[in-house]
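You will see chain A twice below: alongside chain B first, and alongside chain C after that.
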Partner chain A sequence: MSGPSTYTPKNGFTKWMDSRLPILRLVNDSFVDYPTPRNLNYWWTFGAILSFMLVVQIVTGVVLAMNYVPTAAMAFDSVEFIRRDVNWGRIIQSAHAVGASMFFAAVYIHIFRGIYYGSYKAPREILWILGVVIFLLMMATGFLGYVLPWGQMSFWAATVITSFFSAIPLVGDGLVQLIRGGLSIDNATLTRFYSLHYLLPFMIVGVVGLHIWALHVPGNGNPAGVEVKDKKDVLPFHPYYTMKDLFALVVFLLPFAWFMFFAPDALGHPDNYIVADSQVTPLHIVPEWYFMPFYAILRAITFNIGIPFTDIVLINSKLGGVIAMFGAIIVLFFLPWLDSSKVRSGSFRPVFKGFYLLLVISFIGLGWLGSKPADGIYVILAQGFTAYYFGYFLIILPILGKIETTRPLPNSISESVLGPSATREPAAATMQGAE
Partner chain B sequence: MTGKFPLIGALALVVGLFLPASALAYKHDFDAKRQDWSFAGVFGKYDPAQLQRGFQVFLQSCAACHGARLLAFRNLSQPGGPEFTEGQIKALAAEYMILDEEVEGGERAGIPADRWPSPFANALEAKQANSGALPPDFSVIAKARALPNTFPWWIVDYFTTYQEGGPDYIYNMLVNYADAPDGVEVDAGQFYNAFTGTNLAMPPPLFDGVVEYEGGAPATVDQYARDVSAFLMWVAEPGLTDRKQLGFKVILFLLLFAGLLYLVKRRIWRQVPH
Partner chain C sequence: MTADVKNEPTRRDFLYIATGAVGVVGVGSAAWPLVDQMNPSAAVQALATVEFDLSTVEQGALVLIKWNGLPIFVRHRTPDAIAEAQGTALADLKDPAPDSARVKLGQEQWLIMIANCTHLGCVPEFDTGVFRGGWDCKCHGSQYDSAGRVRSGPAPKNLVLPPYEFLSDTLVKIG
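Our next item is the complex of A and B:
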């Protein structure tokens, strides 16, 4: 709920600025006086955490780029050079590598927060769609970055993932050549991946700007899922949420620092410490953990889809896998219109809660299966989880909203905080430090 | 209030996975293969005496076949490593001839800033000398290997900061050369290893007594293997001791800072119901 600006410039300079470039007004209205629902819980701190992580990735990345050499001959050794011989290099390199994992951990929490609390529903559809765009850009950036150290996993992940595009009819092979800059993964691939890996984060910055703009027009949602009605429902962003976000951020930095300093390689794969070799295929080619759920969906499609009782194949298993994998993200774009429930927050939807829990389990299950060989029971499990994943969005959500009996909603945010009988003034608070 | 459900759920999940896992961890099969390393854990640091012994083993038993192109002689005298004296390293480097296009004759005696020279002129020559297999470079070998790991044990490893899969692998490989079991063919130039379960082109490099240690460390294959594995970990991660010590301070600061922020936040929020 952005509402009219409450900013009044106080001294000569700020008055002068305000009639020329009202940037102080923008900052004030967006991050100081910005009216924020008083009932946000800690799941709402991840947006701020993500903004911080984006800055961490860009700053550490820019410093790494000062010493990284994007050639097939030098890439691996230059990363080692950074680790060994550049001042603070080991810290900066592990901040960037571990940071990518932490960034994805935070974004998954952020997305699943949105799915639980119905954050994608009107009037926040554009906000949600921009989020999905950011997610796609993050995945692309993560993948491109993983190729840069030019280890075995870099090389073979690049080989596997670029070859997905060959499944596209007609243009596939040409497209793969264009992406690789040749027939196989080589120097040309590395240089173009490096260029794009440097570019995409700044595109993410741009889309995050839009994302926050689209947030500040309808205003934050909240765990109760009822919209802000009057002043009693909100608090100024500063100091209430600046301090809450900062506290959450520092807590988030604990596991980040833990991995960075004590186990910087725990989230990576040992094979990536072997220099890329086109002649030796690793035993298992596995992507980074944050791609595992989608990788499992890709490999779950082991069957051709054709016209029954004939030999005509419409979609072979390879193309089917690629469609399912991309479809798993594309379906998120339509989520605001797939969920038919009028009630926004999952807290008031008893049946929904169960289905939501199953979705989380399926997604984690897919993540686990992505790291397993694609045979036997693993394939069957992956197919089950994949079916549930799509079923949740395409069947359960459209129907459930029409038949579910939801719990009564509070009349307002302040009522949800104070209880229905409360007529107390906010200042006479007795609920001290409940968080 | 409405938000507590998923929070408690997530906590329960983490605790639920962690508790039974840690209770069972010590029973698990491959734990037997894990060794005690001085550089393991939050307070881990290298033991210079062990690294010096490991270097001795490397020099006498491995360096004829394995290079370490990222290791500089000067590293061997840096703090947090084997900590040889600068004089020792100067003398050591001078024993090697280094290819250098800029000097007359294309070769000169080594200096501490040089990198460890490769024992073979090129990969082809290395393969020819080793029944067709390339002895891998040692620069980061200790991070390029690991013991197999399965769910949910890796979650426990996150909490114990287990990062020693590489030295554990190398140690187990070195001490487990054995006669091949019935039914396994071993070609000429191949040697069966019970740990990898495969035939390796590397002959068993260690025997009791081949390296003479000064000081009291036992001259056994077990001790050699342990020392050289520790040394290879240092080669792969020379800054480990510093990194962990800094990390401890950072974590301590973050804990304190988080505690203070929590108090500030609670004080601010105390005024308003939420």
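Our next item is the complex of A and C:
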């Protein structure tokens, strides 16, 4: 895709095919001969891991759907039926439920990789924005899926999250009714959530396709943050990165398998093994761990925002919380234009590194606070971390790039790998594959 | 075509805009049923009323009943609780409403409310919070008083009253 195609069909069939539907050429140029920077580290393997997880979710989901019954009366029992009676159902169900957690773990690493290495900077803005779109679709899919087992947490997560929309002035209440299909979460809600939970993963597949397309036009970024200059800087994707990705995937599968086989419920919540009851809210409702940071931001806004020294409230705390929570994701769309630094990789930005570390700490801190009760010191901490989260994107990044003294960049990728002396002929043998 | 002719709106321009307008209306009216099917169905709307016999609820008690899938608090208040609710100064309230606006005249002992917190919809706990005979939402800490009025926390409004009427002193119709 990037640069002229290097594909030469070798036999009669591939030649015939190439002049009709050049799909083998596309595969070759995208995943075989595709020139890849030679200095990618393991943080660059998560894209492949994520692609794998998407397939896992779709495959396990499609087979779960063969036994799952999306009605308020049957949903809970049908999931238990899958877990107890369906052949292999215990493993398939836990693969899907644990898989969702592993998928999110990988996407958080992937996103924070991008934030550290400046992967969002020109010419990869669209690539980044598509990534944020995928993240939003994943969150929607995860939420919709969590409602399907129709336990207490499913029901109350659905109640709380659909109530977000009631914060919207004027149309809010009508919108909530439209989303729920009634005044409360009920059968109508479950069936539509099932329909959408089935649909969205395929939309994710579509956006992932665009994401990879947008990746292969400028090519991969890399830890040094300097662009590819010549053939010495790249290696063919296969076998160098197919093998590296595969190795990382196997390591990633270890915790996945451990949870799946030995602790399928460790990441979930015991209350979800109580069937949904519209009359009783569990004492302590918490979302899945992967939504915790955003949940903490929602709850951090405990105050109204109004015109100072008057009683006029412009944004009440409920609307404010919802705006802050969505804003925490929306701000990512603007990241390519908020970071004013010309230097792409965080490795060469000494001051940036400190602020980045604080961002990671704030985000993990918010995740922890999301699971705590919303009172006392927890609220104050959540407010501090929320302020830092937004401050990082809206204040620190725009200013820092203008005043920071960065370390000198390497002249090229090969120099960053082999040192300044070694720009001569780095392993001619390895380069033959790239031709 | 000369420049001034070009600037004049022509028959062709009119047809062009008219076609576009019809197209927009057509697409819109084709899309609307696809959206509106999500709104509450006739079956859901048909459940819209329930009758409830109040004689089963003793003074001081609270029961939870179901209306349209929503949990409903039916609270039989004690004279003390009524007096306390009536005595609260409006200035102390986040969403000011006198007690008389929360109940029906002559039936002050009956407080009938939708049991979902106006913040994000959890069912608050009865009588465990700051206000005696009030409600405490464990989800994000909103506090309601003995008239179900929000006093603190992120909830913006008082607990919502469903439409209801007394058919007799002991029979109430909700919806």
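Assume the second predicted complex is superposed on the first by the 424 of 435 C-alpha atoms of A that agree within 3 Å, B and C clash if a C-alpha of one lies under 4 Å from a C-alpha of the other, contacts with A are read in each partner's own complex, and residues count from 1 in each chain.
Keep in mind that, in the parts below, a contact is a pair of C-beta atoms (placed from the backbone, for glycine too) under 8 Å apart; a residue touches a chain by one contact, two chains touch by 3 or more.
In this text, all values refer to a predicted model and were calculated from it rather than measured experimentally.
Among chain B and chain C, the chain that touches a larger number of residues in chain A is B. In the overlay built on the shared chain, the residue A:182 is in contact with chain C alone; chain B does not reach it. Of the two partner chains, chain C is the only one touched by A:163; chain B is not. Once chain A of one complex is fitted onto chain A of the other, the partner contacts of A:274 are limited to chain B, with no touch recorded for chain C. By the document's definition of touching, of the two partners only chain B reaches A:347; chain C does not. No residue of chain A is contacted both by chain B in one complex and by chain C in the other.
Those residues of chain A whose C-beta lies close enough to touch chain C in the complex are 156, 159-160, 162-164, 177-179, 181-186, 188, 192, 278-281, 283-285, 299, 301-302, 316-318, 321, 373-375. If you check the complex, the residues on chain B that touch chain A are 1-7, 9, 42, 69-70, 136, 139-141, 143-146, 151, 154, 157-158, 161-163, 165-166, 236, 238-239, 243-244, 246-248, 250-251, 254-255, 257-258, 261-262, 264-266, 268-274. The touching residues of chain A, when paired with chain B in their complex, are 38-39, 41-43, 77, 80-81, 83-84, 90-91, 113, 116, 223-224, 235, 239-240, 243-244, 246-247, 250-251, 253-254, 257-266, 270-271, 273-274, 345, 347-348, 353, 357, 368, 416-418, 424, 426-427, 429-435.
Against chain A, the residues of chain C that register as touching in their complex are 35, 38-41, 44, 64, 66, 68-71, 115-116, 119-124, 138-141, 153-156.
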